[in-house]
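Written below as structure tokens is the structure these notes are about.
Every chain is named by a letter (A, B and C) in the order it is written, and numbering of its residues begins at 1.
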């Protein structure tokens, strides 16, 4: 089943040779053969390219009707008769690149919609697409080749680097963003952090939040995610870091490069992540802790202490994963019916 | 206390006979007596109709000043003197229908606001109400009798079935929606899912997400909830499925009919729910699992494995509810002060 | 490092005497000396004022280059040579007030943007700043000195008290709000709550939600947070209560004064909080429970029962904190490797 042409007019056809070159794959057969689209193993047809990486969908490979499949060498023998094996080291990565041949990220359609409001002193780079009801504040600088979707807001003084995208309803304020940054629908960047002091009489007095958000190149912020600006000094997301939807980043959080922060994670103020940290869905980090590079935090974990680089932690409070699994197994035995007057615990 | 007429001008008065017929209730007394509004047991006055279902508010029934109360037969004797008992099988359902007599869902006020932007080739059905700053993309199809609130966005090529509502600031892109669908304020449907592959050098490469969101008839998406489109193939919510606020639905999730997904739940990609599954608040499901029809997942649960139909699971990792409760009781005993050198555990 | 003048043109200079008077601090030296800005201990320069409260940053005090530091008396001796000690009881509170001398909350720039849509019968108070594409519904009443940001929505009939702020993309409907209320970016107030009844045939029938949201003076709602209106009767947030980002408040929740609700908390319908209750990040409360004044709920807790005033609870299900910590320590021992055939549990 091809991508719905109502939404994804395919840019094909593309030759097998170009597909293979793009994916860094070897193949046998006629390189001039053309393909119309990509598809999943289960649904692709003879003019579509699929992929298999890992074991989860291995069964689907044997019955696929795809015309070609990106595979690792060890799966080559399972590619059905009549289907071209595109053998490479990293099939999913190859698929990502091949899919972009058929469905490239739409280029900006240059132009500023007549309803867009551009403030005094704001500059819009060459080739930008500024959509209906977008609002660009005074003195903001939008780099070349950016796309602002309907109702996008870029606050006064903000800087947005080349080739960035602000999708519908997203907003950035008090923010300096690099190139290739993406704010997905309804993302909120630069909001005032949750900073106040309570008097003896019980009145909450706001601490002026006078920092910024700094987004490195290629940072992506998911739909409805929130990144608060710094209280004094900045909230910084390092190059390539990606936030899924509904993530909350508190003031003065800092991340290194390429961190992966999955949906509904919350990171409290001043926590710091190294490079390539992975925070699984719905996990939470208290403030002022450090999570070292390459560490991984499990889904729904509650991290209350520093995590050394390269460590996996799970649970709430978070523990090293190995210990947690062992303890949970023993706890379940506590839940078993008693036998001979004892709980189910192994004697 | 009637509903505030500033917001809810009541459409009454309505006769007791009509109220009873609407609720499928029997009653004694003059069917021509009229009522002005509905209200709660605690606050309703003599010209208002309340309801009691279950035991939680049973005490409030005895002291209510409501003029009439929808009750089950077993509570009829507790209805105060002078208050009309409207006896039926399902009082709350009856109340829902009676309340709609006084406060019907506002019908669309047909017309397209002069500030709405309607793209080339888009079609707007008869009797639609398109509000200020709504944006309808090229080739989109809005069915008859729809309401688009202020700043609503319907992306290019989308289809919205008859009698649907997109409230203020909500957006749908890459989406085909049935009839009677409701997107509440700030809902985000069709966003790009969290799909990328990481190279050895640590660069995250986006996998083009070329699927859609399919919303069945009468699906409702709560405020600020997010439903990502499919990576290849679709994310599908079956007819009557309702999402509360701040729910996250990952790419290629599928649900059957009438699922109930409470606030702040997260469902990871490719998980599949049967019919009438209930996911309580803040629970999370990993990807690629199956939750059978009629299963119920407890609040804050973390579901990591398939759940058989009709099963209740709780905890993180989620366990059958019965085992979990027993184990937690024993765990609490571990927390009790020691007596005679032993923990509090039952010997 | 001063606040970035691109975003925060400093309103200084301000004299030491005025700074001290604002903070209620004593000091030695020339009160006419002027300062340019505030800053953090680590980054401030000789013309900037910092603060130290508590021990976390005590080391940074000794090496600070700040020209003056707000401290408690016990830290006065650690203030470096040449740096002015501003001694007071509550340094962070003093800092909040001093920072506002340099960076006051921007006053409204009075005027209604030509693109704002003001409905029939709506009234806008003196000195309001109504931004581009704001939409104010019929009969709404905006008090004097309010700010509505780009795309802000105030629904028909709503009331907004003096000096309030609705930031970009936020919406309030069916709401009566006091003075000094702030809705941060993308906040959603007044949405229809998750109220429906299911028929035997499996159809979900909406219960009309005919209540309102009442926001007391100085209530703040964080970015992307949602506050549902009452089903019958109101959802009420007491004066000074503050919600962080991505909080979900269900229909008919009530809070007292000054509650602090941290990011990603969820409170189910009809729960009631007293005064100054603190709910830490990602915690959840079931419906219909009462949390007494001054109680504190731990991060990620799941509160299923009433919490007495002044009590701290943690865990899911939530327990008194002391018991929980003891039990978790014993649980971890269950996870330790066995020695001599026994688990690590203390005999």
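Criterion: a residue touches a chain if its C-beta (ideal position, glycine included) is under 8 Å from a C-beta of that chain, and two chains touch if they have at least 3 such contacts.
Heads up on the chains, UniProt names are A, B, C = UDP-3-O-acylglucosamine N-acyltransferase.
Computed from a predicted structure; not experimentally measured.
Different-residue interface: chain A and chain C share under half of the residue numbers found at their contact.
Note: Cα superposition of chain A onto chain B, rotation of 120 degrees, nearest 5. Per-chain CA centroids place chain A at a distance of 27 Å from chain C. Across the assembly, chain B contributes residues 115, 133, 151, 169, 186, 224, 246, 264, 282, 300, 331 that each touch 2 or more other chains. Listed in rising order, the residues of chain A touching chain B in the complex are 1, 3-4, 6-8, 38-40, 42-43, 56, 90, 92-93, 95-97, 99-100, 102-105, 115, 131-133, 150-151, 167-169, 184-186, 218, 222-224, 240, 242, 244-246, 257-258, 260, 262-264, 275-276, 281-282, 299-300, 328, 331-332, 334-336, 343. By the touch criterion given at the top, residues 115, 117, 133, 135, 139, 151, 153, 155-157, 169, 171, 173-174, 186, 188, 191-192, 194, 196-199, 202-208, 210-212, 224, 226, 228, 232-233, 246, 248, 250, 264, 266, 268, 282, 284, 286, 288, 300, 302, 316-317, 319, 323-324, 326-327, 330-331 of chain A touch chain C in their complex.
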